[in-house]
Amino acid sequence: MNRRVLHFILPLITAAVALGAWHAAVRMSGSDIFPTPLEVLRGLGELVQRGLLLKYIVASLFRVSWGFGLAVLVGVPLGLVLGWFRPAYAALNPFIQILRPISPIAWIPVAILWFGVKDTAPVFLIFLASVFPITVSAMAAVQNMQQVYLRAAQNFGLSGFPLFRRVIFPAALPQVITGIRIALGVAWLVVVAAEMIAVDSGLGYLIIDARNAGKRYDLVVAGMVMIGLIGLLLDLLVRRLEKFDEVRWGYGQR
Amino acid sequence: HGGLNLDWFAKKPENRQSQTFGVGFLPVTCHLTCPVTHFINKNLGERDMFQPMRFSGFPELKEMFLGRPKEMPATFILAPMAIALREQGVKIKIVHLGHRDGSAVVVHKDSGIFQTQHLRGKTVAIPGRYANQRLILYRELKKVGMSFADINVVEMPPPDMPAALQSRSVDAITSGEPFMGQTELDGYGRTLWQAKDVWPGFISCVLAVQEDAIRDHRDEIQRLVNGIAASGKWIDQSMGHRMDAAQFVAKNYYNQNPRLLSYVLAKPPDRVTYSRLAPLRADFEEIQQLAKEAGMLQGTVRFEDYVDDTFAPDPAAVQPQKFEVQK
Amino acid sequence: MDNAEPTISVRDCWMSFGDIHVLERVDIQVARGEFVCLVGPSGCGKSTMLNIVGGFLRETRGEVRVEGAAVDGPDPGRIFVFQENGVFPWLTVEQNIGFGLLSRPTAERRERVKHYTAMVGLTGFEKSYPRELSGGMRQRVEIARALAADARVLYMDEPFGALDFLTRLKMRADLIRIWQAEKKTILFVTHDIEEAVQLADRVLVMTRRPATIAEEVRIDLPRPRDLDAPGYLAARDRIFSIMGMDARGGAAGTY
Amino acid sequence: MNRRVLHFILPLITAAVALGAWHAAVRMSGSDIFPTPLEVLRGLGELVQRGLLLKYIVASLFRVSWGFGLAVLVGVPLGLVLGWFRPAYAALNPFIQILRPISPIAWIPVAILWFGVKDTAPVFLIFLASVFPITVSAMAAVQNMQQVYLRAAQNFGLSGFPLFRRVIFPAALPQVITGIRIALGVAWLVVVAAEMIAVDSGLGYLIIDARNAGKRYDLVVAGMVMIGLIGLLLDLLVRRLEKFDEVRWGYGQR
Amino acid sequence: MDNAEPTISVRDCWMSFGDIHVLERVDIQVARGEFVCLVGPSGCGKSTMLNIVGGFLRETRGEVRVEGAAVDGPDPGRIFVFQENGVFPWLTVEQNIGFGLLSRPTAERRERVKHYTAMVGLTGFEKSYPRELSGGMRQRVEIARALAADARVLYMDEPFGALDFLTRLKMRADLIRIWQAEKKTILFVTHDIEEAVQLADRVLVMTRRPATIAEEVRIDLPRPRDLDAPGYLAARDRIFSIMGMDARGGAAGTY
């Protein structure tokens, strides 16, 4: 009960204080470029009225789903294989590590060159940004797997694909899921950069478009708030994956 | 990736690419003729001859133009950038202008900058290394015996400029409209000078086309150029047309507040103009000369290398479209 | 030794990890159906020896034959119970115990799983996941899994280490019962001398590293063994003294 | 010896194959927009000649050092405190989680508004991007700390600041360092976005400037390669932190 | 009991975690200088009881007094040896052992650290970090740390659980020696009945959960104790039978 209160009331108080301070700061600065919370709310209202908010959210989620989904489909098997076969790891890991720190923004020209300005290009950027964390975590998961599981499995006569399916994969799964969670965060983070490519919907587009639209910083901030909230929701959602019985063993207190 | 059906959200079916081609533009007044031509054509019930493709910045626009010339063989682009591309061996030609004038240097209204000289030691934001605003600034500084060495130039995407000026992180900004007009409209910007006043007939953006497209699709390009010439005339025909254009372009193409476009198209009415759009040797040679002096261009190409003026109709002969917005 | 070939036969086995010499000239013979315990100080190489016999490590030199053939990797007929718990945390108790039985008909599998679950006292926990069990219960799952697989040979590496005292006693008794009933050959590693004396037909005492077999103590006592019987106490004290300790804990050497 | 060979020869082979494929692909595509590896090398050479490469690298590293350094200075204490005081956690965590998924690109207008166009603005963006991973990991580190360390410390009469300094901080340190490592990766990743703000040096600027500069994609790719290589180096560097005796206990095989 | 107030006095102590009733009506009295062992089945509440006495948990009901005052948190004069190893992994062996001595003069601290390091047989490992030690060695560091702090009272929660058999015997002997020399009061939790009988003046046997003290067994044998002595065996078997087992491992109940 007491903890409930803590976890509901306190954030509300902080929210009130933060919004108040924000409002006061804007008012006091005398500038009307940066919006007050109220203006942001009104901006959001306008988006809702024009039927854009939902459309944009769906569009961004759609792109992220594709890019991220492909990243999972490619990254998990790739990571597992690289984690398992030492030579493959030795051959490819350096390149993964070099490609990893390259910003999606830097990839925009490549994306346009390869995919034009359809939805494919932002999907590709989101894919790029999320495939590396997934691959790396799947790789590490296999490499850190407890030897004893492998030996037990071999003892019972498993090898080849059944060994992979029945032991290596489930043993790696908790860490793979953690990687997936991080990658989803990254995928959602780069939605703004990805939607710099000429698309005409999405929350990232909303922000970029609002910047182009002269003084619509209320919409910029509205876009930021929506991205933040949805990011939080997505994270909570993937966290549920970590609750499944098959993987919960991997997350206990250390 | 063809099988992914990622076009799910495309508003218009894009698979008509085979018949129509893309023309790149940004939501700025320098590119206004692009959406106006498209809008008028569509409303006159003519065959869709091109697909305007909106970008949020020049880099992406250029990458599409260069990287996928089949999909987007033509685009509105900064004149010096088009020349620079030609210098770098890209086979494109300028076939028409997009507008004239429509740039300004704006300072904060509370600043003590009233003449070009006052910019000495100040920070001025320009849109990029191939922006004509760099040229106009260079030209004006030269007039008063100054150079870039006397001011602090920073490059900044135009959308960020008003905020930068308002927060006084820069002393002056220069780019195309509507970002300059916006600072006036919001009450903190004061125009130091308009392009039209210091460099009449100033050109910033032009229509550039891939040579392959010129060779293979002459007719379509001609129709595009005719359309742009005609809609330029149409815009300049009356203040009523300007206000109509501000409305439908802001709503359907730019996603901006129509008030802003109305403002920059009306106050004063010749802030930016859309007649006299044929590319002229003298204009470009001046640009090229200045750009060479300012270190922007090498000067390795000549007018006939980068301009194909065979498409441009005689401005005097161009007739505006017969089109009125249904109220 | 019988006149038949012993089930496990280690001759002149040497083992090093790089520069670390762990085993030197080890000889072990385990007859069919025999229960042999391997005791020795911590870190002397007991697990290493067992892993060699089990096929998880390869000896540096020597001959290791099990059931008539040179060892070449693990074998489902010879199941290992690991010192670190090898129960799969992503499977339920039931699925773990049935892990070695997937090629059997469903009915038989269900039957065996049920039987061994009951034997280790985990009835009611069939659907539980290992993380929901205590360390001792997890260890029992692993033992049940090994037993259920119906292996001819069991290699057990301190299988009762994680159990509490009472459960440990109970498990020892159960293991003896199963061994007697099912005629398995068991090679059992422990550092608990009492445990070795309670369980084994023979106790092999290893020296510290590099280890070899210092001595073999035959325990000819009837089962269940009386822990107060003089024979029991004598065997225990004999092993203590081989290892350089007396049962009172006065150190005869360093540790 | 054999492993050495594996880890030196194999990446070289992959590199050769990758570069060859790249070259062939560019040649075959017939497009001359995208540079061949050779052209990229020439571009790099040009940068070196003009004395720009080192200058840009230093400039980017300088901004990242500041932004990241500030993020460490703010994030570590903040995270430790939030991890320790439940009410502070309850009050602030939701906001941290909402701010976290917001792209640095979205923050650009805010950064300009607040900090203008000096180096402060990119430093702020880098700070923003890296402060959240650091805070969150420090928070989690304290919350996941083994209770027994706390009890032992209390048993020996520690409380207040000495308890913090002698037990809570060292106990959290391994996970804090992991957070710092991740955050440095993120800081380096956003250098491109951060240098979109009016600056005139840095590898991010190089990429953006080259994109503006007509057909200079050789420089774009050169910038990407440099960012990748330096990112790899930075990661290797921070990994050394994990080798210190005081924290090595926190990273063993699970 | 002496006529003086006992050092540890638990009266009518109850403890629940939410709905889980762990302790019911527990009474414990430990006289000054006495060595008392608490044994009981796994999970019955031994650690819980010890944590209450140690001041880390608060009883739901009852009176817990130590050294003449109600317990109100841990106290540096009464050191706890934790079941989970509480050695700080970021400090060296030396720093760990000296952790409780930071207020002492440097020379004295160095002296004491050296002495207790030697006592637990870790001389030569002073600069090692815990991760470089085996589980048993880590446990010895914790014991040395507790002893070095020169507490009047020691609470030990299965401190020898992670040790191997030989080391365990050695540590028991050492602990008895220190206890005799330094007149400490020790409350010692274990599930190993042999251990309790080897160490304690009195053994308190707890029932399963919700636990209370089932019985108290006084062990009046001279030290060092002979593990074959009839008195020893009798006490051991008595505790076995209280806990519903016989020493042969035949279960008299479920586990």
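Miscellaneous remarks
By written order: A, B, C, D and E. Residues from 1 in each chain.
Basically, a residue touches a chain if its C-beta (ideal position, glycine included) is under 8 Å from a C-beta of that chain, and two chains touch if they have at least 3 such contacts.
Values in this document were obtained by computation on a predicted structure and should not be read as measured data.
Any chain that touches chain B and also touches chain D is listed here: A. By C-beta pair count, the most extensively touching chains are A-D. Between the Cα centres of chain A and chain B there is a gap of 37 Å.
Centre-to-centre separation between chain A and chain C, using Cα means, comes to 48 Å. Chain B and chain E have centres, each the mean of its CA atoms, that are 84 Å apart.
For chain E, residues touching at least two other chains: there are none.
Across the assembly, chain A contributes 31, 33, 108-109, 113, 146, 196, 211, 217 as residues in contact with two or more other chains. In chain B, the residues that touch at least two other chains are 59, 63, 67, 160, 163, 166-167. By the contact rule set out at the top, the touching chain pairs are A-B, A-C, A-D, B-D, C-E, D-E. Within the complex, the chain B residues that touch chain A are 1, 4, 6-11, 14, 26-27, 53-57, 59-61, 63-64, 67-68, 71, 159-160, 162-163, 166-167, 178-179, 182, 186, 254-257, 260. Remark: chain A residues 6-7, 10-11, 13-15, 18, 31, 33-34, 86-87, 90-95, 97-103, 105-110, 113, 144, 146, 185, 188-193, 196, 204, 207, 211, 217, 220, 223-225, 227-232, 234-235, 253-254 touch chain D in the complex.
Put simply, chain A touches chain C in their complex at residues 146, 148-149, 151-152, 154-157, 167, 170-171, 173, 245-250, 252. Contact residues of chain C toward chain A in the complex are 54, 56, 73-76, 78-80, 82, 84-86, 88-92, 99-100, 129-131, 149. Residue ranges of chain A in contact with chain B, taken from their complex: 31-33, 59, 62, 66, 108-109, 112-113, 115-120, 123, 196-198, 200-201, 208-209, 211-217.
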